[in-house]
Structures are given as structure tokens and as C-alpha cells.
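Both complexes shown next keep subunit A, but they swap its partner, so subunit B is in the first and subunit C is in the second.
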Partner chain A sequence: MHKRIKDSALLLTIGVLFFVFSFPMNDWFSLTMPRHQVLQLPAMFTLGIALAILFKKVNIHAISWGIAVLIMVMTSLIFWMLPRSIDLTIVYPWFNRVMHVTMLMAGFFTITVWRNIIFEIKITFPGMVAAMVLATGLALRTFTILLCSSFTLEQQKETGLYLIVIGFVLFVFMLTILFRELGRAKKEE
Partner chain B sequence: MKKILPPLLVLAVCVAILWKWTYGFSAFTVFSYTLREAGAIPRIFPDAALIDQDSSVFHIKDKQKYVLVNFVYLNCPYVCHKVNNRLEEIDKAISPEIIPSQLELVTVSFDVGNDNIRKIKNYRNRFGSDIHGWSFALPHQTSQSEFDTFLLRAGIWAKAAPGGSIINHSIYLFLVSPENKIVKIFDPAREDDASIIEKIRSCIKG
Partner chain C sequence: MIQIDSVEKQQHRKLIVTWSITFLLLFPILIILGLLMRLNQGEWMKLNIDTFYALMTLHGLGMAGLLFSLALAALHYLIGTRYARLSVKTGYFVYFLVLIGVVGLLIATLIGKFGAGWYLLYPLPFKGGSWASWSTGLSIVSLIILGVAWLIGSAHVVYALAKEYGGFTKLIGWQYLGKEEPKEELPAIVLITTISLVPGIMSFLAGAVFLIMNLLQFFEPGLSFDPLLLKNLVFFFGHTLVNITMYCGVGWVYTLLPEFTGREWKVNKVLVYSWNATFFFILFAYFHHLYMDFVQPLPFQYAGQIASYFSTVPATAITMFGVIVQFYHSRVKWSIIPTAFLLGTAGWAIGGFAAVVDSTISINKVLHNTLWVPAHFHTYMLMGVVLFIFGFLYYLVYTNQKQRIDENARFGFWLFVFGAYGFLLMFYLGGMHSVPRRFSDYGGIAITSTHEMGAFLARSAAVCVGLLLLGLLMMYGSLFAKLLKKHEPE
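What follows is the complex of A and B.
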């Protein structure tokens, strides 16, 4: 009974946060590029992760389907980092909400795959995401042409810097998994 | 073998979505996508009635000479004025050799709600009296939706950002031939004045 109340409270919190980020705070997030790309997008992904933690029974066991889901997650991350997509999310709030739902689902399905996926993919996936985030960050940092008309060149460069930092953090995360799993394998031997 | 099918199928679908969304991985911004979607050049420049700073109504197609067309709005905080300052330099560099006998410049405001003839006249006066063959214009007797369609057909992205004061827009310069065909499109963010002038000259020389 206690667990059920706890889960319900967590579900309600996720729902409220999703609503607040997507509606009352949407204008604030959409005001600058760093807020939109470095705060709002990861916030929705994190809410998806929290949702997956709540629904522990939803798991994808088959490796082939796990990889397929991770490809979809990767594609959605690429899609919402494209300048055209970013501009359209600012012009059309409904399109921004499509991004929110997609990111929520991406976070959710990443965890449902993560629980059962093999070690090699656990390394490859964050490595690929880190490489993509780093490449995007470097591009935004070095481009002297405004890519998203909704924002300024300064904001574009600032976002680039934050993405480079996030990329490095993801690499560290990947290395942590690698050495932890290698240590575990050695112990088992 | 069966196991590889789901990831392969999903990968194919995902690549197809990204392919479609970026016009075959060639247009990643709203500006380049709108331009690509309007069609390859040379293509007909869409027709719209325009009214200049002296209240004369005209059509680009009736000019019967080369016309360098760009689109701005007067409340633009930065980029439109920067592009027009570049156009001023281009105008001075090739005038009176080509301008106005073979080439005219037309700057069109797409902010139908805010800009008017008095404003564009005052704005033009800021560039001094020695800008020959350079008209500033507004759409004439055209609704906003009709003009938006015209802009999309030309390949220009212009949408008001939430809040209304800022309009996100493309800054391309269109070189329209005497046959009313867009023969060159310049991106002032990527090309310097010398390169634009050289290309205009070579087009006019044929």
C-alpha cells in the first residue's frame, strides 16, 4: 500500500513537471537557445527516465528490438538538434510539444532497453550519443553563420560550449560503465 | 538472420525520415529548406504587385532588366540593416556602370502590418541621395496570406516569432533576369561583396 502511494506521488510529480515545463514555462525555455536545447530537451528526457524507473515491469528483452529502439532514440535526438527542427519548435508551440513527448518517450524507452541490453551496446550507445553531442557542440561553437533564426549567434556559441561539456560528461559515463563492467568480468573469472 | 531485420528496418525508416526532413541531407535550416522546396534555379520569380517609396505600383516581371531583390522588415533589430548596408556597397561599386541601365535593386518589406510607404521612404533616405536604381517597396493590395504564399514560392522563409516583434526570415538576394527568371541566389552571410559583384557582372555579360 505504501509503495503504491509512493509510486502514485512520483507519477503525479512527473506529470506535473511535464505540464509545467511544456506549458507555463515553455516561453521561458524558448527564449534562448541554451535554455531550449540544454535545459528543456534534457529535462524531458530525464522525466522519461524517471517514468521508466516507475514502470519497472516494462522491459525490452530481445537484443534486436533493443537495438532498434536505441536507433529510434538516437534518431529522435538527431532530429531535435537539427536547426530546422529547432526553429520550427520556436515558431509553432505545438511542434515544440511534439518534441517534449518524443523526448519523454526516448528517455522512457532508453531505460526499458538499458536494463537488459548487453554490455557492448551499453558502451556503444552512450559513446555514439557523446560523439554526436560533441560534434554538434563543436559545429555550433565554430560556425559564424546563424543556423537558427529564432536565436542569436552568441546563444548559438553558448549552446555549443554546453553541448561540448555534456559530450565529455557522456564520455566519462561511458568509460565508467566500461571499467566497472571489466572489473566485474575479471572478478567472475 | 531474422534478428538483424528489426534494427535494419528501423534504421531504414529513421534514415528516410531524416532524408525527407532535410531535403536529401542538403537543407538543415528553415532557410535552406524553404529555398530548396521552392525549386531549382533558373525558375520563374513569382509575381506580386509592389508599391515603391514614391507610390508607384510595379511588377518585377515588367522591369525587363536584371533585378536584385531582397526582403527585409524595418523593425528588424540587426540583420536586415546589415544586409542593406552591404547592398549599398554593392550599389556604389557597380553604379553607374550597370545600374540602373541593366540592373535595378529592389528591397521589399514583408512586414505588411507595420511598414508603410512613409516609413520605407524615410528608411531609403538614410542611405543618402546617391543610391541610383535602388527602390524600396511594399506588397500592393495583397493580403498577408497571399504575400506569405508569394514568399514561399520565391524561397523565402518569414515567420513571426511568438511575441510578434521579431520576424524570423531568410536574407537571400535573388538575381532576376529580364525574362523574370531567378538566375542566381546569393547568401550574404556566406558570400562577400566582391564575389556577389563578380557573379552579377558575369550574369549580365552573359
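What follows is the complex of A and C.
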């Protein structure tokens, strides 16, 4: 009973946060590029992760499905980082909400796959995402032409800097998984 | 010790035979590309400049990729049949990914004429006017596919070993550093595989950053990255890849050579210290590729020299000593297999020494842009890694006794070695005479003696490559027949 209440409260919190981030706070998030790309997008992804933690029984066991899902997650991350997509999310709030739902699902499915995926993919997926985020961050830092007409060049460069930091964090995360999993590895009986 | 049944061993064997045949088909083709380049430099034939650089790119990328792929596959086979449970399916997955990447590179270079060289020095891939724009994109995507394949393959092998031997610190032999004797012996191949593949995993990710940045540049030509950053990234990736290819080969020498000499080759404290030094310093040795980049911070240049010495000297010295001890008065029955391992180790020492010489800043100032550079890495790869690979391939198909009566193959082997050393000598002489590297031909060199010496040495090298190919052909007859023959399970 106690667990059910706790879960319901967590579900409610996720729902409320999703609503707050997507509706009342949407204008605030859409005001600058760093807020939109470095706060709102990861926030929705994190809510998806929280949701998956709540639904522990939803798991994807088949490796082939797991890889397919992770490729989809990566593709959606790339899609929502494209300048044209970013512009459209600012012009049309409904399109931005499509992004919110996609990121929520991406976070959710990443965890449902992560629980059972093999070590090789656990290294490759965050490694490649880290590489992608780092490369994008470096591109935004160096680009002197405005990519998204909804924002400014300064904001673009600032976003680049934050993405480089996130990329490094993801890279360290990948290394942590690598050495932790190698350290913990035990013979299967 | 893990028990692997004969069915599983057969599956592993099928996989390695597939890899071996692919290697044997591609290897001479890549050599012929090199031969065409030397013939052009020797003024015995005339290649268009765009064709020359497309061939050079394919030769470099192809050889580095092929040798590492086979080295990884050989480790997969040896470990999967002896030391840890490895998935054959993952092995095939890696194989097909590599195949896709190779086909992409073949199309990009042979049809698209992509010719930016093996390390795609930024911003050259986007500035060259002689190749189709799509070929740049295809090359980048193909390399990303290859990187992912190697990343998955390496992670798979290391993780299986960690499960079998009880964690990472045990894989790198730290249990030998205490006062007590370790309860379980660590095979040397396990130690060296880990020392090679873990830095490899890190370098593949640096390569991924480099390649994705190039991909972004491909889609958005207005971008302008810091060339120094990209050069650091690509050499961290490329240098480490080439280095660990050799170490993978050394790994199987530690395992297979004792079968011929009848002497054990155990891991001990000194071996652990020397290979652990390699594990750490290999990550920083690539700085020696950037000595000519004056904007690179000075401490990195010094770090490059120090790391180059420490990453190679201890492991090489201890392995040389080990090899000598293995052979000394061992009454080994000489066939291609132990000979290839011995000569391969010698090639590693010679090429490695030339590399260490070149990584010394004061000498690099003189040698950097000369043929000394291709001389050292060709020695290391052709007379080191390739000989280890041939030793391994013969081990796969022959018993030592049967191999000893195959006179054709033995003659072919010695012809191959003779041709190869002749070919390498021309590179070293070119370096001594300041013949520049990366020149499609020497016609434009104003100093007549350098021009003539360069062309003469290239012609001599081409003759030696002819001998080398002839030797290869003689070895191929028996190797192919044996590889394609159905193998009876033990």
C-alpha cells in the first residue's frame, strides 16, 4: 500500500513537471537557445528516465529490439538538434510539444533497454552519444553564422559550450561504466 | 580453466577461416596499390595525380584497417577457443560491419577518387578539388561504421575476459604486484589483449568525435573547426590503432610460441610492470606526430617524446628477452610458424627502434617529411604484424611437422621476407637522402640528385615488391587449399 502511494506520488510529480515544463514554462525555456537545448530537452529526457524507473516491469529483453530502440533514440536526439527543427519548435509551440513527448519517450525507452542490454552496447551507445554531443558543441562554438534564426549568435556559442561540458560528462560516464563493469564482471555459473 | 566444447570451437574456426580468406584476398590487392605508387615515383609508369592520392588513401586506410581487423579476429579465435566464452554471433556481426565499411571505402576511393590520405588531415577532405564531394561523406560514414565494429568487437573480448578472470585489475596483472603468489595464473595473452584493447576503446571514441565533426563539416561547409584539435583527435585514434595492432600480434606470440619451444612463458612482476607502462603511456605517445605543429603547447611535445619511449621500450625489451629465452637452446623444429614469430619480433624491434629514433624531437626535425617515416611504419607493419599474421595463419592450418615438408611455402616465405626487406631498405635509403614522402612523383624536385635518387630507389623498391608478391603467391597455394579444406573436429 505504502509503495503504491509512493509510486502514485512520483507519477503525479512527473506528470506535473511535464505539464509545467511544457506549458506554463514553455515561453521561458524558448526564450534562449541554452535554455531550450540544454535545459528543456534534457529535462524531458530525464523525466522519461524517471518514468521508466517507476515502471520497472517494462523491459525490452531482445538484444535486436534493444539496439533498434537505441538507434531510434539517437536518431530522435539528432533530429531535435537540427537547426531547422529547433526553429520550428520556437515558431510553433505544438511542434515543441512533439519534441517534449519524443524526448520523454526516448528517456523512457533508453532505460527499458538499458536494464538488459549487453556490455558492448552499454559502452557504444553513450560513447557515440558523447561523441555526437561533443562534436555538435564544438561546431556551435566555432560557427560564425547564425544557425537558428530564433536565437542569437552569442546564445548559439553559449549552447555550444554547455554541450561540450555535457559531452565530457557523458564521456566520463561511459568510462565509468567501462571500468565499473569490467571491475565487477564475474564468471557466469 | 574454461572448457569449450568442440562444436563451439568449430564455429570459431569457421569464423576465423572467413576472416583469413578475406584477409588473403584483400592483402595482395592493397600491396599492388603500393606497387603502382612506387612505379609512378620511379617513373616507370604515369598515374594521374588524383589517382595516385586515391590509391595512397585506400592503401593506408585499407592496410591499417585490415591488419587491425585480422589481429582482433585472431585474438577472438584464440581467446574464444581457450580462455573465455566469446560469442560467434558477435564475431560475425563485427565481420559484416567491417565488410560494409570496407566496401564504402573502396567505392569512395576507386570510384569517387577520394584522396585526402589515411588520416584525413583537416580541412583537406573538403578542399581537394580532384575527388567527388560525395566520396568525402562516404569515406567518413564508412570509417564511423568501422570504428563502431572495432569498438563492439574490442569491448566484447575484454568483457568476456573480465568475467573469466574476475575483474579489470586482475586482467592487467595487479595480483602479481603483491608479496603473495596469485592463486590463479594469468595467461600473457589475456594481459596483453587488455592492455591493447582498453586504450583502443578510448581511441575509437576520440575517432568518433573526429569523424562526426567531419560529417558536420560535410553537411555544413560554412563550419570551420580548429585544425589542431582535429589533428590531435585523429592521431590519438590512428596512432593508437596502429600501435595496438602490433600488440595484439605480440599477444598471440606469447601464447603460441611456447608450443614450439616446449618452454612455458609465464606472467611475472616484471612483465606486468612493463606492459602496464605501455597501457598508460600509449595514450600520450601520439603527440610525436605533432612536433611540426608549432602551435601545439610545448609541454605536449616533451610529453610526446617521453611517452613514446616509455610506451615501447619496456614492453619491447621484456618481450625480446622473452623470445630469446624461448629459443635459446630449445631445439625448436624450424617451420614457417616459429620463424615468422621470431622474424616478426625482429621486425617489431627494427621498426620500433626506427620509430623511437623518429620520435626524438631533435631527430624528427630532420626526418619528419622524408621517406624515413614510411620506412619505420612499413617495417613495423610488414615485417612485424604481417609476419605474426602469417605465423598465425600457418598455425591454423598446419601442424609444425607437416609444414616443414611444404618446401614451396617455405621458399615462398623466404622470398617474401627477402623482397620485403629490400623494399624497406629503399625507404630507409630514401630517408637518408632526404627524399620527401607523400610526393606522387619526384619530377618537381629541383635538386637533381634527390630527384634521381628518389626515382631510382622507387624503381628498386618496385622490383622488391615484385619478389614479395611472388613469394606471397607461393605461400598462397598451400594456405588457400588448407583453409578451404573441411576441418575435422578434435
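Rule of thumb we're sticking to: the second predicted complex is superposed on the first by the 185 of 189 C-alpha atoms of A that agree within 3 Å, B and C clash if a C-alpha of one lies under 4 Å from a C-alpha of the other, contacts with A are read in each partner's own complex, and residues count from 1 in each chain.
The criterion applied here is as follows: a residue touches a chain if its C-beta (ideal position, glycine included) is under 8 Å from a C-beta of that chain, and two chains touch if they have at least 3 such contacts.
Just so it is clear, the structure is predicted and the values come from calculations on it, not from any experiment.
S.K.: With the two complexes superposed on chain A, say which partner A:Lys57 touches: subunit B (first), subunit C (second), both, or neither.
M.R.: A:Lys57: touches no partner chain.
S.K.: So in the superposed three-chain picture, is A:Leu146 touching just subunit B, just subunit C, both, or none of them (first/second/both/neither)?
M.R.: After superposing on A, A:Leu146 lies in contact with subunit B but is clear of subunit C.
S.K.: With the two complexes superposed on chain A, say which partner A:Ala131 touches: subunit B (first), subunit C (second), both, or neither.
M.R.: Touch partner of A:Ala131: subunit C, not subunit B.
S.K.: State whether A:Thr75 touches subunit B only (first), subunit C only (second), both chains, or neither.
M.R.: first
S.K.: Given the touch rule stated above, what does A:Arg4 touch, subunit B (first), subunit C (second), both, or neither?
M.R.: Once the two structures are laid over each other on A, A:Arg4 reaches no partner at all.
S.K.: Return first, second, both or neither, reflecting whether A:Gly183 touches subunit B, subunit C, both chains, or no partner chain.
M.R.: Second partner only, subunit C.
S.K.: Which residues of subunit A are in contact with subunit B in one complex and with subunit C in the other?
M.R.: Comparing the two interfaces on subunit A, one with subunit B and one with subunit C, the shared residues are 145.
S.K.: State the interface residues of subunit B toward subunit A in the complex, per the touch definition above.
M.R.: Listed in rising order, the residues of subunit B that touch subunit A are 3-7, 9-11, 14, 17-18, 21-22, 27-31, 33, 79, 157, 159, 161-162, 168-170, 189-190.
S.K.: Could you pull out which subunit C residues touch subunit A in their complex?
M.R.: 85, 90, 148, 151-152, 155-156, 158-159, 162-164, 166-169, 171, 198, 201-202, 204-205, 208-209, 212-213, 215-216, 220, 222-226, 229
S.K.: Contact residues on subunit A for subunit C in the complex?
M.R.: It is residues 119-121, 123-124, 127-128, 130-132, 134-136, 138-139, 142-145, 171, 174-175, 178-179, 181-188 of subunit A that touch subunit C.
S.K.: Can you list the subunit A residues touching subunit B in their complex?
M.R.: Where subunit A meets subunit B, its residues are 27, 30, 62-65, 67-69, 71-72, 74-75, 78-79, 82-85, 87-88, 90-91, 93, 145-150.
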